[in-house]
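All chains are identified by letter, namely A, B and C, in their written order; residue positions are counted from 1 within each chain.
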Amino acid sequence: MSLPAYAGPLETTWYYLFRFICGLIFFFLIAPILVIIPLSFNAVPFFTFTEKMLTFDPEGYSLKWYRDFFSNLNWQGAVKNSFIIAFFSTIISTTLGTIAALGLSRAEMPAKTWVMGILISPMIVPLIISAAGMFFFYTDMGLASTHLGVILAHAALSTPFVVITVTATLVGFDQSLIRASATLGANPTTTFFKVIVPLILPGVISGALFAFVTSFDEVVVVKFIGSYEQRTIPWAMFSGIREQISPTILAVATLLVLLSVGMLATVELLRRRNEKLRGLSPG
Amino acid sequence: MANTTTNSPLVTVDGTPLKVSLGRAKRKAKLRALLLVAPLFAFILLTFFVPIISMLLRSVDNEVVSYTLPNTAPLLSQWDASSGEIPGEAVFKALAADFKESAEDKYDDKSAGKVGRRLNYELTGFSSMFRKTARKSKKFEPPYKEAFIKAEKKWGDPKYWQVMQREMRKATDSYYLAAIDAGYDSEGNRAFNEPGKRVYLKLFWRTFWMSGLITGLCLLLAYPVAYLLSILKSRTSNMLMILVLLPFWTSLLVRTSAWIALLQKEGVINSLLVATGMLDDANRLLMIHNKAGTIIAMVHVLLPFMILPLYSVMKTIPPSYMRAARSLGATPFTAFTKVYMPNTIPGIGAGAILVFILSIGYYITPALVGGQSGTLISNLIAYHLESSLNWGLAAALGAILLAATFALYLVYDKIVGIDNMKLG
Amino acid sequence: MKLLNRTLIAVAVSAGMVGVASAKDLVVVSWGGAYTASQQNAYHAPYMANNPDITIVNDDSAGGAVAKLRAMQEANNVTWDLVDMVASDAILSCDEGLVIEIDHNAVLAAAPDGTPALEDFGDLVVSPCFIPQIVYSTTFGYRTDKVGDTPPTSINDIFDLDKYPGKRALQKKPINNLEWALIADGVPADKVYEVLGTEAGVAQAFAKLDTIKDSVIWWDKGAQPPQLLADGEVTIASAYNGRLFSVIEEEKQPIAMMWDWQVFDLDGWVVPAGGKNEADVLAYLNFATDTQRLADQAKYISYGPARASSAPMVGKHKDLGIDMAPHMPTSPAYAEHTLLYNYEFWADNIDDLTESFQAWLTN
């Protein structure tokens, strides 16, 4: 909405002031994330811009925190664990969550709100409480300090995201398409793979990405039920911040920002594709 | 033929009445829907619900005392606590037997030391009392009363016996009392602790008001941004949306460490202020390890959770509403506050409750940037789980926090509907 | 021929199985970082070299180990073989039956001169389950560039904001802080615990701490105070002596130490009850806690060996080449004012005083 031609001076002032305020808020949102990127190339172990950095002296910059990250076994183990755990927990939560969403979106589903409430609760219950419960129970089951335990825990924590995104995709889903497919002679399996899957796939993939990020970012639960063998990137960052805060953490953070840019781009593309497919938006 | 159709119920091809057949089909469809949901439901129940419920049971579970002291329990229950006298020889004899048994079973779960630790939460001194006694109990000989008191003089003090008698119960309320800064006084009545020893109510209160403040600040910052996004052309607003979504997708740890880099004493903001001469080097601002640090970082982390629901509601408000109000003579301000804002209330409600729910359970950010004054109730729960090992108290605090969260969840359901929750 | 072949195969298979069965992993839980590294160099590596069938796996989860051990024991599924703990946690774990009692003289090696282990460790065996390893102390570090020409020399200086303005970092627990507050308030050291046992005494300690409360940043992880000092966030900090040693001698930061009323504490081994390799662990302990090994650890980290017989054998730092003896907290140079952590007192009062401490912090 641009400024109308008939706007008075007060409105004009307000128009620009408002945009200025919004600009500041956007700055608040994004600046902290951007500021760590140059800081991660700092040549000295401080969390601030040095004089040499500000004058763009090449000596002020260095890749040594990245070298530290790539050569440090502690970090490399964490990277490996993070990917393994996030990968398998995403598979579990996406499969279970998608199937459940298909059921939940049917009109015949009884006690829908109630069931939905329970399925979403892992997202709502404070993490420390989930972590405490899982700590005792998973130790009892012999699942503590195992990758499997952490994978199951993360799968439980991330299913709500899959359920929510896939159900949202299914809201606009035309049930008559299934009937149409059946009248045209397709069996339920064919219908599922040829009609339902292509339509809900964007939702499933964004759900899976949400699930992946949830696991990839989770630190409270893994700290309680995992041991050093299961340490993940956020765990290593958490203890790094508490114990030996070095710019290596900023190097890791920068790499993670790049990862999230990639994820965000994927989700956005999928969302637009989904809207286009269902004719909800012209562009 | 015509007669029969009007008088008898409709039937399907195979002769069953249509109503029955429809009902059957409906039941089948219902069952199919349930079957689809069942695997996840079972999974969540097993990996999430059961663990939490069983953890919460620890907040009342007190079996360890009577289980480890099975001989003493029935005898001690007959002792008259108000007599001012310690129990008689029979109780001491039973206790000696229990101590000997526990020494044999020590590595299973019958450790007298565990009972000592448990009772020490009620009254300071039990821990060493049980340890010393356990060490010497192998050599105890009758008369046991003398032997016990010789080993540890606290056995001659009725106040310890009083606590033991009370905590022989299988379920206790003392963890919940402790969680609200209360306990039993020397007469055995429930009472609040003296003001110098109140911690948890203050922390609950702090958790709530800080969450409220964070929610308010988020709303204040989110409202204009969401409004701007909703009125801009979709190309521009999609571009700006990235600025909201990128933080949303970025790891919490990344954002928290970014704030540490920015806010600490030798950090970016302080250095910038000093370098530009706006601040004296000696007076660098303290923005971290306190409430301010927690609030700034948490507002940043939670802001997208406020912007997104607000935006999705504002997007659906037709611009014609405002135009209509203006053409009816309303000033821009009146039109905005009287027409536009009431329409955004569902979005405000959704965002505010979501942010509030998330912030009362926050752990990581306060733990890293909160220092002492920015600690929230979650951090104390973690402390009792990891360090003090008072798991009953941790469970009681957790149960209270969970109840608060659940209440808010219900409100959220009322306002938005759980099945309307959207992400990104 | 066939028969012979079959026999050979059988022998080979059984030999292979024996090989598999005897190759064991011992999971040793310790603190990570420089501390685990010093144990790896001084104990694990030489032991594995002598015993190729044993592999020692380091698990850096000693922080919060008691909680995990307790949960494991409740579940009857103890996966750890040996745990490094501070003495107070060892006493607690021993009380609860989480760790086994040790017959020190039978399990551990005697000193080179034949002194039995129990006598060699002396008073430091504070629990029948505990095998002491090192003596460390919580003491003070200060920024040399922020204290002018008169560096702090006494505990009173910690509480003197006029003389030494600036933030302090103290550990976020009542232990040590309450003792220091009382001593600085004029209570004789040998009366500290007596006074602290009374409500008036606790109030007195908190009143003294009140005088600096607004200037304190509270730390809870050992690495924080050196970092806070190095970053200039604080002027004076209480810290573990080994951490201060490395920030001063290895990282060459403008920091110095003040040893007045350092509080000694112990760190050592405990063997979890229900562990699956008890015999192997005890064999390892016999080696890893002998006189030479304990003295060797001081080459890598500045903590005092727990055996009396190890003290004369402490040599030079492995990389820095400096003589380590003067950097031991047990060095006679710092012996004038010292306090030994009172395990008995704190085992009873920790819950109660932690609560009071939390309340004091919150108010």
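General remarks:
One rule holds for everything that comes next: a contact is a pair of C-beta atoms (placed from the backbone, for glycine too) under 8 Å apart; a residue touches a chain by one contact, two chains touch by 3 or more.
Just so we're clear, the structure is a prediction, and the values are computed from it rather than from any experiment.
Taking the CA centroid of chain B as reference, the farthest chain centroid is that of C. Legend note: the chain whose CA centroid lies nearest the centroid of all displayed protein CA atoms is B. Top contact pair of chains, counted by C-beta pairs, is A-B. The geometric centre of chain A is 23 Å away from that of chain B, both derived from CA atoms.
One inter-chain figure worth recording: chain B and chain C are separated by 33 Å, centre to centre, where each centre is the mean of the chain's CA atoms. Each chain gets a centre from the mean of its Cα atoms; for chain A and chain C, those two points are 40 Å apart. Each of the following residues of chain A touches two or more other chains: 135-136, 242, 245. Contact with two or more other chains is made by residues 264, 266, 385 of chain B. Among all residues of chain C, those that touch two or more other chains are 74. Of all the residues in chain B, the ones that touch chain A in their complex are 26, 29-30, 32-41, 43-45, 47-56, 58, 221, 224-225, 228, 231-234, 238, 240, 242-247, 249-262, 264, 266-268, 271, 300, 303-304, 319, 332, 357, 360-364, 367-368, 378, 381-382, 385, 391, 394-395, 398, 401-402, 405, 409, 413, 417-419, 421-424. Chain B makes touch with chain C in their complex at residues 106-111, 113-114, 116-117, 120-121, 124-128, 130-131, 134, 196-199, 202-203, 206, 264-266, 289, 371-372, 380, 385-390.
Contact residues of chain A toward chain C in the complex are 135-136, 139-142, 144-145, 227-229, 242-245.
Every residue of chain C that touches chain A in the complex is listed here, in rising order: 32-33, 58-61, 68, 71-72, 74-75, 77, 79, 220-224, 227. Only residues 1, 11, 18-19, 21-22, 25-26, 28-30, 32-33, 35-36, 39, 46-49, 92, 96-97, 99-100, 102-104, 106, 108-110, 112-113, 115-122, 124-130, 132-138, 152-153, 155-157, 159, 161, 163-165, 167-168, 206, 210, 213, 216-217, 219-220, 224, 233-234, 237-238, 241-242, 245, 249-250, 253, 256-257, 260-261, 263-264, 267-268, 271, 281, 283 of chain A touch chain B when the two sit together in their complex.
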